[in-house]
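So, here's a batch of structures to check.
You will see subunit A twice below: alongside subunit B first, and alongside subunit C after that.
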Partner chain A sequence: MIEKLRGLGAWGLQALLRLGRAHVLLLAMLRGFVDILRRPRLLVEQLFSVGVLTILIISVAGLFVGMVLGLQGYYILSRFGGETALGLMVAASLVRELGPVLTALLFAGRAGSALTAEIGLMKATEQLSGLEMMAVNPQYRVLAPRFLAGLISVPLLAAMFSVLGVAGGWMVGGGMLGVDQAAFWNGMQEGIDFEDDVINGVIKSLVFGLVCTWIAIFQGYDCVPTSEGVSRATTRTVVHSSLAVLGLDFVLTALMFGE
Partner chain B sequence: MTENPKNAADDILVRIRGLRFLRGERAIFDGLDIDIPRGKVTAIMGPSGTGKTTLLKLIGGQLRPHAGSIEFDGQNVHALSTAELYELRMRMGMLFQSGALLTDMSVFDNVAFPLREHTRLSESMIRKLVLLKLEAVGLRGARDLMPAELSGGMARRVALARAIALDPMMIMYDEPFTGQDPISMGVLVQLIRRLNDAARISSVVVSHDVAETLRIADLVYVISDGKVVESGTPQQLAESGGEWTRQFIQGLPDGPVPFHYAAAALSDDLLGGAA
Partner chain C sequence: MNKSRQIELWVGIFMAAGFVALFFLAMQVSNLGNAYSGDTFRVMARFDNVGGLKVKAPVTIAGVEVGRVQEIRYDADDFRAVVVLGIQDGYKDRIPEDTFAKILTAGLLGEQYIGLDPGGSLDYLGEGSEIGITQSALVLEEVIGQFIFGKGQEGAE
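Take a look at the complex of A and B:
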């Protein structure tokens, strides 16, 4: 019994230590933003590898999700003769929920895991230690640009996901199933509120971007520098990011859309 | 690089006193005292797992000791602020066992990296300096290659060119000869000695490759169980009467470091049933 308690205590202390290290790293990366102003090229490079290279998966996923929403929405709404609300339904689902959430989940799987693996391997091959010994702070030089790139990329990718999702919904609803096109777009225009829907969606994707990129970078930076350690860290990035996004989505939705 | 004027007259560049460092419950160093003189090649030798690489990380301020002090050029490494520590590291170079080259940069850009980070030299000046550093290690012709295209020996030579880019006072070599073919090993041995003498750098070589290290060292420390077992010139060590040092230098399979890991008697194990 005492052994079990001791084990639980040790686990709790380790978890607290990791949490502390993660917050110290977050502060260091925020301080590193000043450094990026002097060398914007570092940010541009990371925007490409973190953001631009994720566009394809986001675009394809957004299009298909929108098409499925259009199809399912039509089947349900047509039972009540409400097909004209299809545009509103597709857009509201995407802008409020599916855009930010699915983008964050896909981002964690594509860019987050790549960030963890890259930083973990840099640690395992002593590149981060090498930078420290060259009097270059890796938290500023390597981590901060990646963090800022993630923060910028996720809201933009979420916007792209939503736009392509709406296009997918319109292709199915308006193009294939014969929903009135004017009603499709008018319903969307009248029903979507810029502040309540669009801005809240952007805030969500900003929060998700911060959390996913922070988790990915921390897992890489804090991993055991072996092939097994990097592999475990990469898995943890995807699992922790996904759970954090889904949990935070509930909290944010309750705060934003609750009465 | 500038020398601390207060300590310029001091022959000792790195002074380690009463160093204690633990990993978990295990003491890696327990009361270690080492002096690394200026302008010499100092070898720190010992079997695998004695904490030789850890010692270099302690000297470079990447790890903090649990007790004791490490002074570099008269400055207590672990009493410095982060900014001062980074300032100090510009006077040190380190050659990692793996080379630690940045894999997304060419050989040229790797060597240019510290110059671009820490100086305001023009690109044409940086180009000249990089080519000179690469010439010193015999790899000027490999400047456009990527790290993945280099052999292990070439990667270490590029890392050496990068380590001397800022003309440091001291270079620390972490197991420079491990896994090298005889030609690469010969090149590295010659380079370490030549750079030390030509550029008046102080060198610290951490290694368990006895023959190669003794060929170039001016002073050798042999460490085991967290303490210095013996120190002196290579000649003095070769003539040492110490059993431990003799076993290490001559590579004897049995001695104070036993061949068998501590275990119960073989007969007890064989007759004792399943364990």
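Take a look at the complex of A and C:
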């Protein structure tokens, strides 16, 4: 019994320590942003591997999610004679929720896991220690550009997701099912407010980008430097990021849209 | 073209596509593209009941949007709702003072908006003036209640 209690205490302390290390790392990376200004090339390289390589999965997913929304929305709305609200339904659900959330989930799976594996392997093969030996701070040189790249990429990717989703919804609703074109676009513009919906969606995706990239980099930097440790850290990145995104989405939605 | 230049090109395309997407969301999907952003002047109107009228609901004359509802508050002195309308500056001193303001509903289940029926007065509405003649929102329960009450009266005769 005493042993069990001791175990619980040790686990709690470990968790608290990890949380503390994560925040120290976040502060170090934020300080590293100044360094990036002097070497913008580092950021460009990371924007390529974090952002550009994620475009394909985001575009395909956005298009199909929009098409499914168009199809399902049409079947339900047409029961009430409300097909004209299809554009609003597709765009509102994409801009407010699905765009930021699904982008963040896909980002965690595609880019976050890659970041963790890369940084974890750098640690396992002692490249990070090597940098420190050469008096180069790996937190500034290696981690900060990856963090900033994630922060910039996610909002842009979420915007692409939403736009392609709207296009997909339009292809199905307007093209296949014959919803009136004017009603589709006007209903959308009437119902979606720039500040309340679009800006809040961008804020959401910024927060998700920060959280996903932070978790990914921390897990890689903090992993046990063995092949098993790296594989576990990669799994943890995807699981933790996904849970954090879904939980935070509820909090942010309650703050933004609930009055 | 060498490798790093190619990477720069791709990143440039990525950033541009992202900003184009944001611009598209702002102009084509949301109301920013056709929102009137110029100056407005404020006109007040008192209603017995505003129903489901919301701030930012359109104000129309002959079906054309001329402004938006800016503020809705309750006046505890005369137990009525005060609605402040922001009308586009171009219509200042162009709407007769005895204009009739009604709260209408777009379609059967649509949003509520304010319709103005211009009167014949030669005095016009300006900043801070008040519309005197108003018609409240139609509250469905009251209409049904009146209908049932009327039927009951008929039966009694």
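The working rule: the second predicted complex is superposed on the first by the 259 of 259 C-alpha atoms of A that agree within 3 Å, B and C clash if a C-alpha of one lies under 4 Å from a C-alpha of the other, contacts with A are read in each partner's own complex, and residues count from 1 in each chain.
Simple rule for what comes next: a contact is a pair of C-beta atoms (placed from the backbone, for glycine too) under 8 Å apart; a residue touches a chain by one contact, two chains touch by 3 or more.
Note that the structure is predicted; figures quoted are calculated from it, not measured.
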Margin query: Taking the superposition on A as described, I'd like to know which of subunit B and subunit C A:48 touches: first, second, both or neither.
Written below: second
Check: Once the shared chain is lined up, is A:188 touching subunit B (first), subunit C (second), both, or neither of them?
Finding: second
Item checked: Winner by number of subunit A residues touched, once subunit B and subunit C are compared -> C
Next item on the list: Could you say whether A:125 touches subunit B, subunit C, both of them, or neither, answering first, second, both or neither?
Entry: first
Checklist line | Which superposed partner A:137 touches (first subunit B, second subunit C, both, neither) | finding: first
Margin query: Once chain A of both complexes is superposed, is A:163 in touch with subunit B (first), subunit C (second), both, or neither?
Written below: second
Checklist line | subunit A-facing residues of subunit B, complex | finding: 57, 60, 62, 86-87, 89-90, 92-94, 96-98, 100-103, 113-114, 117-118, 159, 162
Notebook entry, point to check: Which of the residues in subunit C come into contact with subunit A in the complex?
Noted result: 4, 7-8, 10-11, 13-15, 17-19, 21-22, 24-26, 28-35, 56
Check: Which positions of subunit A touch subunit B when the two form their complex?
Finding: 125-127, 129-130, 132-137, 141
Next item on the list: Over in the complex, which subunit A residues touch subunit C? Could you list them?
Entry: 41, 44-45, 47-48, 51-52, 55, 91, 95, 152-153, 155-157, 159-160, 162-163, 166, 185, 188-190, 192-194, 197-198, 201-202
